[in-house]
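Next up: some structures, all given as structure tokens.
Each of the two complexes below includes subunit A, the first together with subunit B, the second together with subunit C.
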Partner chain A sequence: MRLSDAPILERGHIFNPSYVLVTAPSLLFDPTVKPLEGMADGSVLFVNSSKEVQIVQPKKVHTIYRDITELALKHIGRDILSAAMGAVACKLSGLISLQSLVDSVEEELAELGLAADLIEKNVQLAKECYSSVESISLRGLDYKPSHKVVEVQYMGERGIPDLLSMGNTILRKTGSWRVFTPIVDKNLCTACGICYIYCPEACISLDEQGYPVINYNNCKGCLVCTVECPRRAIKTERETIWS
Partner chain B sequence: MSEKSDKNGEGDHMVLKMLTGSQAVAWAARLARAEYIPAYPITPQTEIIEILSEWVRKGEMEAIFVQMESEHSLLTAAGTAAATGARVFTATSSQGLLYGFEMLYSIAGWRAPLVLVNVARALAAPITLEPDHNDVLAARDSGFLQFHAESVQEALDFVLLAYRVAEDNRVLLPAIVNIDGFHLSFTRERVDLPEQSTVDEFLPEYKPVNPIRASEPVAKGIPVLIPPLYSFFKYQMHMASRNALNVFREAAKDFEKMFFRSYATVEEYMLDDADTVIVMSNSFAAVGKQAVNAMREEGRKVGLLRIRLFRPFPTDDIVKSLRGKKCVVVVDQNISIGKGGITCPEIAEALYHLEDRPKVILPVIAGLGGKSISLEEFRHAVRVAERLASLKAGPDGPLLLFREDEAMLVDSLLKIASGG
Partner chain C sequence: MSITKYRTLKDVPKEEFLVAGTPLCAGCGALLVIRLFHKALGGNVVWVNAAGCVTLMATFPYTPLRSSWFYTAMPSAPAGAQGIRDALDILIKKGKLDPAENLKVVVITGDGAASDIGLQSASGAIHRGLDFFYLCVDNEAYGNTGFQASSLSPIGSGTATTKPTHLYPAGNVLPKKDLFEIWRSHRPPYVATISPSHVVDMLRKVEKALSFKGPKLFLALCPCPTGWGIEPSESVQLARLAVETGIWPLKEAVYGEVTHTHIPSKRRPVEDYLKVQRRFAHLFKPIKNEAVIAEIQKQVDEYWSKVER
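Moving on, here comes the complex of A and B:
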């Protein structure tokens, strides 16, 4: 979204954001996301989290925590956060009125073909999120990233896009994506192995007795296992903080 | 199907809307009353055809929408439908454009005007979804006219202008409108959505030349095994494309009267007193302008020239803009492997014979695969060009803009990939 009275000449990557909204606290520590990069003194960080998170941040950043997922579960019954986070951004910036927010949530979700009752639930969610934070106006943020130009060397064989280290998925800790965690109730589990077969990410292995063991480093929380378990032995718990 | 209806009417005034590039070009196709839309999905083009298929399904747009089985079929269907006299709209991207590539030359050779939106995405391998212009520029020799958009508004306006120029009897060539994937296709910007009746006035009904009709057989794109005939017909296409320069200028004048936005073949940004001029095209030119602003504040006389119409190549306007300047920095967001950027030699050729040609024309490669171009990278390119000018020396190859932080990222990923 690009809107201003003057022409906006920034495009693509935003090197020095004034407001950063993070949908899950686990993203704060994700080395491929790096949401805090380029933030200046006095900028605003919003984290969707039920708890405060220890952040190493060299800049004086105004940080706000709210549990928007809880509100989404309350209003929609699912962790769908687009209207919620949009509402927070509108309010924080102080640029968008509640009415404009409601109008655009209704318009955009109608464009997507959503049913009227689901649109109304999103509107209620957006309204509650809007009132859950205060506007923080910013002025005179000064951040000058240092971007040194370097020469690219010819790398021979290393410069060919070949992937030699197979099985490197474990390096990407996709466990941080979970909103709900599957937990096996050993009292109910019969070691039938159905969950092991169905897990689309091969994150379930079987122990010596044949009971499932979930690899929480990489389980994305898709919950296919909880649906497929014939004994309903895999419960779910909301993930509040991932470590 | 040629009968005009008021279904698309939006009242008496232009409507201001926040639209993505995808929505804007879909609206342009609708306002142009495109009658036939052959489609095949590919990221990042899919949103365009999703919108159009929905409008057609709901009866909001009077057109025939057909999902084909490939881009080769898509382009064949598009070209043949245009040859029957239908107004045709379609869209693709990257690998899709290349998959249908053979038909680009055929359609242009049939002299069948239609509008194809290319949502720029860099070519595999390696695979990416982010934009550069190797896809659209691969089609530069085909005979398609090429319009390159910087903003969502331009994306919409260029589709309308493209129909007007392509269907003009002095031209009769198909056209590509290029919009950068993500940066335009999925970005909402403020757009003046034109009113239907004004578009109808700007864009009269398409009157095909020798259309294919069931009762009146016509053979299009016939075999010519006599070499002079081939040579003759190809050069006719070239002259038709050159005609498109003035046809575009005429159309742009009418467009300005009706829609209050003016378009020249090139855009000059802070050029009047500039010593050094950055040449760019498409959406990343906005970042170039931002860099010009920053360098102006530092007291450097830098400007930017943006190419809107790439085919036909607006040689005269480029000469007017660049003659007498000290340095020209051509930022190509594409790479012809083994040579360098595609635009730079075209700019250099346009300027070569002038007495007052720039002292340095620096070929720069930047923004490949959607790589960001920071202010420091622009500054670096300008410094290199100005140093060469003071040394009375020329560049010894293209300058790749690449940063230390990016080199470190590449290094760490290469380590993972090699298991080291």
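Moving on, here comes the complex of A and C:
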């Protein structure tokens, strides 16, 4: 999104953002997303994370992290982050007042046909997110976006995936999508293998005795396995590895 | 039923041809169908795909597949399949390709591609007797572009283009095209409906189809948590409910001869299926639209009244 006092005539991709907001820390290292690409010295990076994120910073950027998923769960009961991320962006910019934020959350969610109580929960979420960060205004900064061809450079130390290796999406750590984690209770499990069959992601394999083993690097936390298990042997816990 | 190697869920092949890490939504029914379908097909496959959610599975430089992938324009996946089939046949005939390396050509498209823009191309390929598989992953709308109505969207469903309004309180007013019957009218060797909830049924059908040369077509109901407004964890349950309510009949047609492979002994009311999905929420709130729900029930009842037991 572009913000300016003057009319905005520029369109298309933003190659040199002043603010970058990242919904999940794993995206920082994903070579097809590369959210840090093009960040200039002095720009601002927000990461939704409960832990301080370790990044090899190419530039001197202000880095802030907060666990807004936790706030979304508290207010809405689900990991729906749009109002939360919007609130963080409004506050960081130092340009948008709390009232304008609340008005637009109400207006936009009403347009989507959400029930009044759900809109109110989103407003409360937005308010808490708004107050949870400080403004880092770039106003007055002599900020000139460059219009050069952007250098394509893979972030992180993992390099590019080998194109000829089939099944290389396994490198993409979709485990970071999880809000709740499935955990097999071996005392209840009868090794029937049903969870293995219904996992849409091929994230469950069976060990030699037929007990399920979950690949937490890639498990998206859809919890189909939890629902399909006839013994209710798959418990769920709030995700801690990635959040 | 002829001899099958799939008797229980224990017989589901263990080899995976579709690995984790795709960008498809958590709980995507289409992904589960493709994973299971692939197990029954085996690994020597080239998928021919028309634009849709499934396309995002294999976005450069990543692929979850241990098989091959070919991407075509939205209307022309079956035409692409013809080209690949012909090329493989010619190479084998000329001795340039070891027949052991032959591939099964499998078209995979969404319902939008299958029932709207790609219908003529599929009809042509079936008419020409092309030796291929067609798997339509039916999430009942144009999922990848934001869930607009396709001609496989059911009556009463709310989509981005059939939002319930005061003029159209039921949302979508057009009936779901009967793609099974459209395909069947060409009298291909094999047509079947499948559901990710009924896995043995699915694998047996693929097994049976493998014995035929010519067009083999599959229509799979694929719950879409994002578009249907259900929890990702509920997607297999929803597919099962569709079968148990009779909304999604499981059947096959061999050279046009129809058999139902699963007849629910006591059908659950369609309401059980409708009321748990956001795309049908307007039929229940703020006031219950009894007329539309009764109409949906009536259509299901009429369908099953014609099915011989």
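The criterion applied here is as follows: the second predicted complex is superposed on the first by the 200 of 243 C-alpha atoms of A that agree within 3 Å, B and C clash if a C-alpha of one lies under 4 Å from a C-alpha of the other, contacts with A are read in each partner's own complex, and residues count from 1 in each chain.
Convention: a residue touches a chain if its C-beta (ideal position, glycine included) is under 8 Å from a C-beta of that chain, and two chains touch if they have at least 3 such contacts.
Just so it is clear, the structure is predicted and the values come from calculations on it, not from any experiment.
J.: Touching A:D103, do we find subunit B (first), subunit C (second), both, or neither?
T.: A:D103 sits against neither subunit B nor subunit C.
J.: State whether A:M1 touches subunit B only (first), subunit C only (second), both chains, or neither.
T.: In the superposition, A:M1 contacts subunit B only.
J.: With both complexes overlaid on chain A, does A:N218 touch subunit B (first), subunit C (second), both or neither?
T.: Only subunit C is touched by A:N218; subunit B is not.
J.: Once chain A of both complexes is superposed, is A:N168 in touch with subunit B (first), subunit C (second), both, or neither?
T.: Once the two structures are laid over each other on A, A:N168 reaches both partners.
J.: Classify the contacts of A:D41 with the two partner chains as first (subunit B alone), second (subunit C alone), both, or neither.
T.: neither
J.: Thinking of the overlay built on chain A, is A:E52 touched by subunit B (first), by subunit C (second), by both, or by neither?
T.: Neither subunit B nor subunit C is touched by A:E52.
J.: In the superposed arrangement, which partner chain does A:F15 touch: subunit B (first), subunit C (second), both, or neither?
T.: After superposition on chain A, A:F15 lies in contact with subunit B alone.
J.: Can you tell me whether subunit B or subunit C touches more residues on subunit A?
T.: Counted on subunit A, the partner with more touching residues turns out to be C.
J.: Go through subunit A and flag every residue that touches subunit B in one model and subunit C in the other.
T.: 113, 161, 163, 168, 171
J.: Tell me, which parts of subunit A touch subunit C in their complex?
T.: Listed in rising order, the residues of subunit A that touch subunit C are 32, 113, 160-161, 163, 166-174, 177, 192-194, 197-203, 206, 215, 217-224, 226-228.
J.: If we count contacts the way the header does, which residues on subunit B are in touch with subunit A in the complex?
T.: For this pair, the touching residues of subunit B are 18, 54, 125-126, 182-183, 187-190, 283-284, 286-287, 289-290, 293, 370, 372, 374-377, 380, 400-405, 407, 414, 416-419.
J.: Looking at the complex, which residues from subunit C come into contact with subunit A?
T.: Residues in contact with subunit A: 9-10, 12, 14, 16, 18-23, 26-29, 31-32, 35-36, 57, 59, 61-67, 163, 196, 199, 225, 231-237.
J.: For the complex, which residues does subunit A have touching subunit B?
T.: It is residues 1-3, 8-13, 15, 104, 113, 145-152, 155, 158, 161-165, 168, 171 of subunit A that touch subunit B.
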